[in-house]
Every structure is written in C-alpha cells, then in structure tokens.
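Here chain A shows up in two complexes: once beside chain B, once beside chain C.
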Partner chain A sequence: MISLAGRDILHAWGKFVLTGIGLGLLIGVTLTMAGVYRGMVDDANVLLDNSGADLWVVQKDTQGPYAESSSLYDDTYRSILGISGVARVANVTYLTMQVSQIGDGKARDVRAMVVGIPPDGAGHPGQPGYLVEGRRLTRGHFEAVADIASGFALGDRIRIRRNEYTVVGLTRRMVSSGGDPMVFIPLKDAQEAQFLKDNDAIRAQRARTAQSPALNRPGVPGLLDAVIASQSTNTSVNAVLVQIEPGTDPEAVAEPIRRWKHLSVYTRMQMQSILIEKLIATAAKQIAMFLVILAIVSAAIVAFIIYTLTMGKIREIAVLKLIGTTNRTIAGMILQQAVALGLIGFVVGKVAATFWAPVFPKYVLLEPGDAVRGFVVVIVICVLASVLAIRAALKVDPAEAIGG
Partner chain B sequence: MDKNRSDPSARGIRIEGLTKRYGHGDTAVDALKGVNMVVAPGEVVGLVGPSGSGKSTLLKCLGAIIEPTSGRMVLGQDVIYDNGWKISDLRALRRDKIGFVFQAPYLIPFLDVTDNVALLPMLAGVPNAEARQRAMALLTALDVQHRAKAMPSQLSGGEQQRVAIARGLVNRPPVILADEPTAPLDSERALAVIRILNQMAKQFDTAIIVVTHDEKIIPTFKRIYHIRDGVTHEEAGEGRGTN
Partner chain C sequence: MKNFISLHGRTIALASVLVLLAGLLGYVALRAGPMAPVAVTVISVDSQAIKPALFGIGSVEARFTHKIGPTFAGRIRRVEVQSGDHVAKGQLLGEMDPVDLDDKIGAQEATLRRAEATLLAVEAQVQEVGARKAFAEIQTKRYEQLLVASSVSEEGAEAKRQELQIAQASLAAARANLDASRQELIRVRADRDGLVRQRANLRLISPVDGIVTRRDADPGTTVVAGQAVVEVVEPSSIWVSVRFDQQRAQGLSAKLPAQIVLRSRAGELLSGQVLRIEPHADAVTEEILAKVAFTQIPQVLPPIGELAEVTVALAAQKSMPVVPNASVQRVDGRLGVWVVEDGSLRFAPIKTGATDLDGRVQILQGLSGGEQIVVFSFKALDANSRIKVVDRIVGKSS
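Our next item is the complex of A and B:
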C-alpha cells in the first residue's frame, strides 16, 4: 500500500517544510528554555563543586552565603579547624557587583561575582579550579583570577571599588548560581571591598564618633582611637568552607559546630537543596510556565495547520471514502502528516537550539534526555492536535463526491 | 472476479420496487417511489431526468451511500438490499463491486496517474506491483498510458476523465455508476467518453449506468431510463455512435 501521507507531503513539500521550520523554531525556543533551566541547575552544582567544600558554615539561622547574606567573624575558622574530622577550612566572601576593566580602549563593565579567598595553595576550599592560563593568587593584595566568561585576559587591569587589580590567572566554568563569571581576589581586599566605606563616609563617621559623649569620654584616653580603629577595619567573612577527612560523616562534623559554635552548617546535599529548590525556584517556575505556554502554542499551530490541510482535501477525502477507503486509512494519513510535521519541527528545533545555545547570554545546557522527552512531547502534541482534523475528515459524507 | 466474468448472470444489476423516503410524518418526501431497473452485463444505459427527479438519490442508493427505505437490489447473484442491507461492510461493497465515475474526475491530486488508478486494488489488498500492472493495462486500453507518470494537474480534462474511468474499472466491478461523466467536456470528447464506456462495458462485462441530462449523449444509449417524480420509465434509445 502506498503512503498517502507521504505522497501528499511530497506534493506540497514547500508548504510542509516552511510550516515545519516555523514550528521548529518554536520547538527550538522550547528546548532552549529547558536548557536554560538545566544550565541554572548546572551552574548551581558547578558553584558547589568548585567551592571544594564538604560543609558550609554560615551565620546562625541564615541560608547563606549564596541564598542569603551571612556574616561571621573571620577568626571563626580557627575553632572549626580544631573539631574532629575537619581537614581544611577557608574563609570566603562573595559579592556580586559590577567589575570595571580599565586601560586605554578597554573600559567596560562586567557583572561578576567577586570571591574573596586566602591565597592558599591548590586543593584548599574556595580556591579556583580549572586554571586554564596564568597562575593562582600568591600575593595578599591586588591580584585577581577571573573566569574566561568575563572576557578578561591575562594582564588586564580591573577596578573593584577603590582598588585596582591585575588579572594573573584565568579559569573556566567558575560561575555563580546566576551564571555570572567569578573574579577571585585576596580575602583581605574582598573584605574591604565588601564592607569598607568610601573616604567621605569614613570622615563623617569619625566626626560622628568623636562627637558622641559615650565613645569620646573625657578621662578615658585611647577609647576614641580604639573605637575608630574598630570601625575602620572589617573582620567579617560570609562563610567558612570546610573540607572533612575522607570517610568522615559530614553530619557528624556539622552537628558539634551547630551545637557549640551557634552557627548554621549545611552539607553538600542541603546546600544543593537551598540553591535549586529555593534560590532558582521562582525562575524554574517561570520557565515551566513558558514551557507550558509554548507547548500549547505549538499544539495550536499543529492543529491549525493539519486542520487547514485536511479541510483543503475534503472533496478528495469524500472520493476516497466513496471508493472504499477505510476510516483507518484516512485517519492514518492525517495522523502521519501531523507526526511528520512534528518530526520536521523537532529536527529543525534541535538543530536551531544547538546552534544558538553557545551565543545565548545565559548558559544553556541541552541534555540528550531533555531532547528525548521533548521529542516524545512533540509527537504526543502532534497526535493530539491531529484529532480535530481526523474528526472533521471522518465526518465527511462520501455522498459529497456525487453532485445533486 | 475471473469466475464471475465467465458467468454473465453473476454480473449486472437488478432493482425492484426501490423506494426512498426523506423525513417523517407530514414533512416526509418520497424521493423514489418504486424504481425498477435491470442493467445487463456489458450494457450501458442512460438514466435521465430533470433536476429534483430523484436521479442523485437513486445513484446514492445504488452506490450504497444512503440506505433505501424499501425494495430490493441484486448485484450479480448477490442480494445486497432486501428491505434492509444484506451486506455488513458497505465500504468493501463499494470498493469491490461498484465503480464510480464522477462529473468532475476528482483524481487524488498528490498521486500520479498510475497510482490514482492503482489505489483501489491496493486498498483491497492487491500487491502494489500487481495493482500498478492492472492500472497500466487499463490506461493502455483507454489510450492514456503515455501520461502514466503525470500528476492530475498536468492532464487535460479529457485525459483526466479517462483516468477516472480507469479508476472506476480497475477493480473489475460488476457495475459502474457514472454521474454526469461528460458534463465538463465538449461534444467530441463527450462522445469519446461514451464510446470508451461502451467498449469497457463489453470488454469487462460491466453494467454501466450513466446519469445525465446531456442532450448530445442521450441518443447514444440503446436503453434509457427516464426518472420523474421518483418513478422510472424505460424506453429504447437510438444507440448511435457508440461503436
């Protein structure tokens, strides 16, 4: 038996291909939306992987350092280091901000997550991994290691708040949960950048402190200087990253920190849950809503096209029915056309998504599993969308082929 | 089929007291009021009548498209209707036992000429190669074999009608119902179509009923059924120009 659907498609291939391309671009957008969600999840996982931590110690009753702000004294790490099962610890600060590149003809702003880390060696928690060019931070001040997604190159000069830094190393896939590239700078500089005020504010604060009778008491020499000194320096970090001894239960280490240090501690699983279920939950819901809308629009387009194509063949369908073609054959013809349209659309969509994903401003992760699921959904949508046309075709009276 | 062809009594159509009523009660309309008709194998008869006389209703009843109200229809030796359908699969009946030729050819636009003709046997389960062979033989008999690979849109009106006739004949049905097959054609081509129908009727022992009000072809029939107000009257025709 010849394929009626195939012959019809070949007969009007131009119309079919153009419709398929239109549908394909829509499917490409749908696959990209799914890829954006996957990219966000992957960014979150990469952020956790790259931190090199097993535990995140943060301010009590906060979900920091990524989902909420958290502030700890920077000497907290000493007491954590003494807890059984802890291998390495590191203070760390995170601040998402605009980083300015300076230099002749190079001035531009980049949205980045500035990470303050102690200039320890490789393998310490918080250190940048995947160094693709240059070296790690070795000095205590004014050096930076940047992710290549920032567009910075070795030797570039960048400004963070009041200080200028030289890019000495480049990393890859070091991004925040929002996809912003990371810029690593020495911890002390990062603390300043995060908490230090500008000169005018410092002068105003000193004046206010000097005028306060409580902080500038007559007969207590040195008090004012001590207060001003404490106001001018910053001893806070956002989190302490902890690596535990191999084979140690993370909860067994976390529990005494929670109990005795009055801090919140999150394991890798808990932090993953915070990032994925809370931090990107709203974005995920938005994307899910877009996916539903795009699926409905795709279904409507396929239904409309197939219905229109079928209505254009009413007389032929009446003739087919009159000469003895079964309803099954006619329904099969329409169904095959709908599925063929879906196939063309899916192939175009997959190719389009693959081509535009790398230039998408956000990280798009196209997973084979999503493509398979997308394919199944497209076929199901096409099958459902053909129902309307099939119903119309089956209602055609064979007598329509005969005049009178 | 071949067995049927060797037995002429197994082909042809006989209609006895066929009635068709549309609607119920006071609004009921009797479109057919006891139609009698016999068409022998190899014979082409005309069915003529004015608009609203019941021609199309009779054609639809004969074509198993609508159900008559009462009467009897015998196709070859098979009683297909006797105050109710005696055949459960009317679609298969139409496909295997009745050929249709329409006013417009209504060829399937996305199939070439060969496949337009071969589609019917394929639907009946005949292997593609054999169906195409059968189609080609008919196209040759109708002198359109040179357009076998053409699409319907590339054919002239006369060629399209000949392909439509080939489609009606391809399953070698005992009866062919032709609904105004010459309406869109000029006199010369109209007569050519009637000549072809006569040739095919003889060649395949097929009973052919031609519904028409085309004055130029009415003289070609040897027998004519006039239908008026749902009743048929048989009369002898001139039988001119069909050989």
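Our next item is the complex of A and C:
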C-alpha cells in the first residue's frame, strides 16, 4: 500500500524538515524554560542535600540560616550533642560575598557563598558529599574547597577578606539557593571573615573606642586594650547542623532542643518548604508564569503551522477527492503528517535543549519526566491542530481542483 | 523513470535526516539523561606509611616581656629610647620627674653635715672633760700624800676627791653624748641614703640586653604606679605561641620538630621545635596552646605579634591501607567507600584512623588493600549507578 502521507512529505521534504526543525527549536526553548524552573528548585534542594543535615538548629524564632540571618554562640553545639538521638553535629556559617582570585593575569571576582565548616573530614554534616578533584580540608586554616561553577582550579589562590586561601579541592553542584557556587573554608577563618571589617574600619573603630572616656580611663592601664580585644572577636555561627541516629524520628529529636535549649529547629521537610515556598517562591513563580505563556504560544504556533501546511495543499486535496479518494485516507494523511512533524520537532527540541543547557550560567535541569510530558503535549497539540486542518480539507469542494 | 530516481533520492535524503535525528536523540538519552553513566575516577587501595602532621596558627611572642615603668604615680621627665632601639643591661631608658625629692635630699645632706659637726663638738668635749679628769686624779693623788704627811687638812683632801668624782661623771656624760651623736649621724646618713635610693628608683633602667618594642608614654605624661612606659624584650627569647584545634591535636607533644612560616615571609620555611604544651587549653575557642621555639632566631627579627603558620610533624605511622579522603563518604549513616567490582559498585563501610595533611586516611577496618575504589565522581553515587571510569573529571565537557 502506498503511504499518501509519506509520498506527500517526500514531494517537499526539504520544506517539511526545515519546518520541523523550526518547530523543534521552539519546543527546545519551552523545554529549556521548564529546565530553568526545575533548575531553580533543584538548586534549593541540593543546598539541603549537600549540607548532609537532618536537622537545622538556628536562632530562636528565625528561619535561618538560608532564608533569614541567624546567629548562635559557637559552643551551643555542645549542649545539642548531649540530646538523645543526635549522632553528629557541626557548626556552620554561611556568607554570600565576592571572592577574588589572585595571581598574575587571573585576578577576578566571583560571587560565591562562603561556607565555614569544621575540617572534620568526610561524612560530617556540612562537608561536601563528593568531590570531583583534589581533597577535603585537612588544615584548620587557609584552605578552600570550591565548586567548579566558580571557575577556580586546584592550586588557585583566592582572597576572602584579608586572608589568602589555597584551593585544595573541587566540588560539583554545591550551590546556594540563588545558584551561587559554594566555597568551603575552615570554620575559624569563616567566623573571622564574617565578622572582620577592612583594616581602615578597624583602625577607625579603635580610634573611636580610644576617644570614649568610659573605655579609655587614664587611671586604668590595659582597659582600652581589653575593650578593643573584646570588640574584635566573633564566637558566633549561623546554624548547627545535626545528623541523627539512623532510625530516629527527626521530630522527636527536634522537640527537646526547641523546648529546652530555646532554639528553633527545622527538619528536612520544614527547611525544604522554607526554601521552596518562601525563599525562591516569587522567582520560581515568575519563571513558571513565563513557562505557561511560552507553552501556550508554542502550542498555537504548532497548530497554525500544521493548519497552514494543509491549506497550502488544498488544491491537491481537491484533486484527491476528485479522483475518489475516501475521506478517511485524506484525514489519515493529514494526521500522519502532523504527528511526523511533531515527532521531528520534539526530537530536534530535545536535542537542542540538551546541547545548549550546559552553557547557561545557572543550572538547567532537564528532567526526563518533563521530556515525556512535553512529548505527550506536542503529540496531542499536533493531533488537535490536524483536526482543524482535516475539517477544512474535508469541506473542500472537488470542483476547486479544476476551477480557479 | 526520472521521477522514480528523484523520488528514491528524496527518500534517502529524508531517511538520512531522520536517522541523524534518531541517532542524536539516542545519544542525548544515553549520555545526558538519567541513564547516562556517571564519570568516576578510581584508585587502587595500597598500603603506605603516612606521616601525620598538625597545622596551627599562632603569633610571634617574646618569652619574657619586660614592661618598665615607675613604682609610684608620677610624671615622666624624659624617655631616652625609641621603639626598635637596642639597649644594654643597666642602660638608662628614661626618668620620672622627682618633684621635691632633690630638695629633700639637699635638706638631708645639710642635716647630715650638722650631725657630723655636732659629733666633732662632742668629741672635743670628751677630750676637754678627759683632761679635767686627768688633772683631778693627779691633784687627788698629791693631796693624799700630803694628807699622810699632815701637810694639808682633811677637808682640802676631801675637796680634791670630790673634784675627781665630778670630773669622772662629766666624762661619762660626755662619752654618752658622743655615742648619741654617732647614732644620730648614722640615722641621718641612712635617711639621706633612702632618699637617694628613691631618687634612683625614678630612673627607668633596662634589666636585660634587648630591644625596645614599645614606648607607651612620652615626657610630660602622668602615669600610675605599675603602668608601663617602655617595653623591652630579649631577641633571643622570641617564640611562637601556637593554637591547635583540640579535635585534631592528637599526638602533639614537646620536642616534636615544626616548620614555621611567617605571614610576611610566605614561602620561607623556618625550622623550630615544640617547646611545651600549655597545661591550660582555651576553653572558649576549643584550642590547645603550645609554644614553638625557633631552632635559629631569624636574622631579621619578626615583629612581635606577627601571624605564623606552624606545621608540626608527628611520628610516621606504620604501613597500612590508605585512601584519599575525597573517596570517603557517608551513606545511610555509615562511613565508607565505593568499591568497584566487575564494573558495578559496592559500598564498603570502613573505620578510619590517622590522616595526614595531604588528605590520606588510614583504613583500620573494611579494606584490606588492592581494591579499586571510587575517588571522584561526577555526581553522588548509589549502588545502582552505572559508572564510566575516566582519568579525570574536571575539564571534561559533559
């Protein structure tokens, strides 16, 4: 049996393929936009995954450390360690700032989330789960493990506030909820970095303190030094990350900390809702809105293309009717062409999206589920659009083949 | 016929486009989707004797810091030295304003001279009384002889005896007076010496050969008792006060060799030795404090308070299986490594021992050596992950 649709496609195959590719690029953009949205949500989720924590202990009545600022004394972890069900705890600080790379010809700034973690080694909360190069922190000072998205390489020297750090390890997909790459540095340095002002500000503060008659009394030698020393220490952290014993209910461990330690505690589920429903909600909705509009526009364009393609062949269809071709055959031809166009479009779109996704500065997550949904939607739209075209084709008068 | 060939050609062209697209889709599905294998690098576990080391930071300090200042409140008259000056033991560094101390010393000098004069007068008096007594003795003796010869009356002899007794009493009184004057002289001299010492105490003297590290007050400043005016340290006594994280300070002990890098001289390794571990640790910062001495004091003295990085080498461990710390992960609450067996993954729980600063971890339990383990991976692994072994992950396009 001769495939009418196949024959027709072969008749103008170049036009058909080019239309398919054009359609495909449009579908690719839609898929990419879905990927951008998924990527945003994924950034928030990996932030939680990467912290390796089951519970986040933060300052009372704050939603820290990601959504709000939170400040705890760094010895708070001692009392949390004593709570039953707690396996491991770690102090952690988060600070989003510009990190500058130093070195000849390499000087540049990178926006990064500087994470202060105790250099406890693998498996402790706050530690990166896996590396792609180098090693974990082993020294208590002046080493850094950076995410490859920052563009740093092993052995690079970076400057955070006044200290220089050597990049000793690289991670992947360690990002903040805003997609900034993380740079892990030892906790003590991070506490200093978070607190430390630039030298000019420190000198000005010293002078200010020295001018205060209450703090610089003539008859009390050493008072001024003591006051200045107390002004330049920081014993705060942003959160305490807690890993619980396997098989323990997180809520059962969190409750005594909330009640007796007067701190706020979030479980994984609660933290996820804070991040996704509060922190990135507006940005994500913005992208989602755009995605919806883009999908509608794409669907309309696909429908119009198929309709116009059919209308362009209206004379040939009239001839077919004239020679007695059944309506069923004609409808089949149009439907098959539409679906074929959709298939080519989807494949081109999927391939294009996959190839350009890594080029995006922020993470674009192309989920297979989205691809399947996209495929189904494309086919459905093609079928619906072909229904319009079929109606128009079947209404055509066979006399048109001879006339006008 | 021509039409057929052209139709045939079109079919081939269309088919080739479709095959290309299908191929690309297949590639995308297999290489970029969830079915894509995860790129990993592997390493063979071997036995090594690692040399653990401790890393800490500290500041350059002087073992003995001499804070030199007055013992009484007062005003500074002059300061002779600037910070950075070398001073010798006993050298005058500065002086406090003596106010009326010099006048008091003058008054005491006058008193002393008066006491000396008084002493001379009393001594003369003793001589005078002594002469009178000697004369009275001779007279008495002569009258006694004359009385025996009945040349003088009994009354005349009595009178001479009495004169002698009076002369003797006068002499005793004069001698006592002399003693009192001598004691007075001693007292006045002691008073004067005391004032001179107080005066000397206002001079600020360096107790050691050293370097002036601070000059905290200038002439005219009023300082309280005990407040430092000048600070002097001995260059030979500088050391580094180092802080080590308590959690990682296992094995730290005195006499271990250390390497010191001063912040101002990065790249220059100075050798040193752990002198002692302080009996008190810092409870707030959770650090152990130690003192590390330079084997040889640097020619150019580092400034007191400069930041120094100290690496203390611990004794080498015995040879046992070691893995890079990047390979160690926690999965379901257990610490372990991913072992590659016949192209598939198995999670091997391990117990880790000592680590060194290069990130090598001893395996106490769980691996025997020779296993192939995953070091780096492109993403987090699980037991069902398909893997593709590559040389390195960074720098690959996927």
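Operating definition for what follows: the second predicted complex is superposed on the first by the 351 of 404 C-alpha atoms of A that agree within 3 Å, B and C clash if a C-alpha of one lies under 4 Å from a C-alpha of the other, contacts with A are read in each partner's own complex, and residues count from 1 in each chain.
FYI, contacts are C-beta pairs under 8 Å (C-beta built on N, C-alpha and C of every residue); 3 or more make two chains touch, one makes a residue touch a chain.
As the structure is a computational prediction, the values presented were derived from the model and not from experiment.
A.B. asks: Could you say whether A:T329 touches chain B, chain C, both of them, or neither, answering first, second, both or neither?
C.D. replies: first
A.B. asks: Contact-wise, after the overlay, does A:L320 reach chain B, chain C, both or neither (first, second, both, neither)?
C.D. replies: first
A.B. asks: Looking at the overlay, does A:E133 come into contact with chain B only (first), chain C only (second), both, or neither?
C.D. replies: second
A.B. asks: Does the superposition put A:L10 against chain B (first), chain C (second), both, or neither?
C.D. replies: both
A.B. asks: By residue count, is chain A touched more by chain B or by chain C?
C.D. replies: Looking at chain B versus chain C, the one contacting more residues of chain A is C.
A.B. asks: After lining up the shared chain so the two structures overlap, which partner does A:L170 touch, if you call chain B first and chain C second: first, second, both or neither?
C.D. replies: second
A.B. asks: Look at A:P368 in the shared chain and tell me whether it touches chain B only, chain C only, both, or neither; answer first, second, both or neither.
C.D. replies: second
A.B. asks: Go through the superposed model and pick first if A:V359 touches only chain B, second if only chain C, both, or neither.
C.D. replies: Neither: A:V359 stays clear of chain B and chain C.
A.B. asks: Have a look at where A:A214 lands relative to chain B and chain C in the superposition and call it first, second, both or neither.
C.D. replies: neither
A.B. asks: Contact-wise, after the overlay, does A:A401 reach chain B, chain C, both or neither (first, second, both, neither)?
C.D. replies: In the superposed model, A:A401 contacts chain B only, not chain C.
A.B. asks: Is there a shared patch on chain A that both chain B and chain C touch, and which residues make it up?
C.D. replies: Comparing the two interfaces on chain A, one with chain B and one with chain C, the shared residues are 10-11.
A.B. asks: Residue numbers of chain A touching chain C in their complex, please.
C.D. replies: Interface residues on chain A, with respect to chain C: 9-11, 13, 16-17, 49, 52, 75, 87, 118-124, 129-136, 138-142, 148, 153, 168-170, 172-173, 188, 218-219, 221, 235, 243, 245-246, 344, 347-348, 350-351, 354-355, 358, 366, 368.
A.B. asks: Touching chain B in the complex: which residues of chain A?
C.D. replies: Chain A residues touching chain B: 1-2, 4, 7-8, 10-12, 315-316, 319-326, 329, 397-399, 401-404.
A.B. asks: Which residues of chain B touch chain A in the complex?
C.D. replies: My answer: residues 55-57, 59-60, 63, 65-66, 91-92, 94-96, 100, 102-103, 106, 108-111, 115, 118-120, 122-124, 128, 151, 167, 179-180.
A.B. asks: Which bits of chain C are touching chain A when the two form their complex?
C.D. replies: It comes out as residues 7, 10-11, 13-14, 17-18, 21-22, 24-25, 28, 32-34, 55-57, 222-224, 226-228, 244-245, 247-248, 284-285, 309, 324-326, 328-330, 332-333, 335, 352, 355-359, 361, 375-381, 392-394, 397.
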